[in-house]
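Chain nomenclature is as follows: A, B, C, D, E and F, assigned in order of appearance, with residue numbering initiated at 1 for each chain independently.
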Amino acid sequence: MPEIYVYAVEGRTSEQKRGLMKDITDAVVKNFGTDPENVTVQIIEAPKDSKAKGGIPFSER
Amino acid sequence: MPEIYVYAVEGRTSEQKRGLMKDITDAVVKNFGTDPENVTVQIIEAPKDSKAKGGIPFSER
Amino acid sequence: MPEIYVYAVEGRTSEQKRGLMKDITDAVVKNFGTDPENVTVQIIEAPKDSKAKGGIPFSER
Amino acid sequence: MPEIYVYAVEGRTSEQKRGLMKDITDAVVKNFGTDPENVTVQIIEAPKDSKAKGGIPFSER
Amino acid sequence: MPEIYVYAVEGRTSEQKRGLMKDITDAVVKNFGTDPENVTVQIIEAPKDSKAKGGIPFSER
Amino acid sequence: MPEIYVYAVEGRTSEQKRGLMKDITDAVVKNFGTDPENVTVQIIEAPKDSKAKGGIPFSER
């Protein structure tokens, strides 16, 4: 509480994902005054043929 | 803006997914008057043992 | 199955929303071969102070 | 209607997932009076480097 | 962990929602062996003109 | 791309929400190297009777 979900196309490293989840957690603690242990972040990555912008899959952009 | 998410059981081809993401994007442009470059669509596919209808996993239906 | 979710900032009419949900349903039926009665669409609208692009709330853009 | 989504870190067996989806379906039928065939449940599992609690990935907790 | 989301059309009482959230929490504890204090459930209700089945809004079904 | 969703119980001010959305956007830009104009954040707030922890609604905790 709160819970944060990041929807992204695949391709980031574990290091990038760790950094993002840490910084988002810090942002929630700072702005909402939440105990960090109550903050969960999950990244939902899509294969490049399963996410599109402008109607064009990322596998073709 | 807006962003669209499709939750489905696995098993569709890249061609089917491309077609769906294109047609959903067109539907948003037509009805909401959005620039297509502002429309993202992501498909979240579940393995057949991770989605159920009527309490029965798709791996057993 | 599948289920579709549209995340948008508030401000569209019931007529626009009906049109979008109808066209998305048709897109699923056409591309995935689903019975339309198995397709659900839900629109999750945010107040303008609860959605941001580029870090700026829609209430200030 | 309704549709239920469970966000979890990976690592449960098919048997655990079947049991959870069955019990959640029963809970919806009992409390909301829904026909079970109208209830869908999908589990969205994250790799351990893609979910964090307290800013720390489950791959490191 | 895990977190559960229920997407439904509006119209249930606080009593029905309390019962559902309690029973879903119990289902997670039973099947996944989680501490109940680690289970969150959120219900996302849509106005009847913002959810459709078969392409028809619940305001017209 | 990516898109971020924050699920929370109601009760934060517009100022708190603006701050959170700004800081999350900055975190995505820093860690994923994204153009900020491609980052959207939406907060989905639940009434206190529609979110529970440990099976108990926030209206009763």
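To be clear about the criterion, a contact is a pair of C-beta atoms (placed from the backbone, for glycine too) under 8 Å apart; a residue touches a chain by one contact, two chains touch by 3 or more.
Quick caveat: nothing in here was measured; it's all calculated off a predicted structure.
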{"item": "Chain A-chain B separation of Cα centroids, rounded to whole Å", "value": "19"}
{"item": "Computed distance of Cα centres, chain E from chain A, in Å", "value": "23"}
{"item": "Chain F: positions in contact with at least two other chains", "value": "1, 3, 5, 7, 17, 26, 40, 44, 51, 53"}
{"item": "Touch-based graph of the chains, sorted into line, ring, star, complete or other", "value": "other"}
{"item": "Which chain pairs touch, all of them", "value": "A-B, A-D, A-E, A-F, B-C, B-D, B-F, C-D, C-E, C-F, D-E, E-F"}
{"item": "Sites on chain B touched by chain C in the complex", "value": "1-9, 12, 16-17, 19-20, 23-24, 26-28, 30-32, 51, 53"}
{"item": "Footprint of chain E on chain F - complex, ascending", "value": "7, 44, 46, 49-57, 59-60"}
{"item": "Residues on chain F engaged by chain B in the complex (per definition of touch)", "value": "1, 3, 40"}
{"item": "Residue ranges of chain F touching chain C (in the complex, touch as defined)", "value": "3, 5, 14, 17-18, 21-22, 25-26, 36-37, 39-45"}
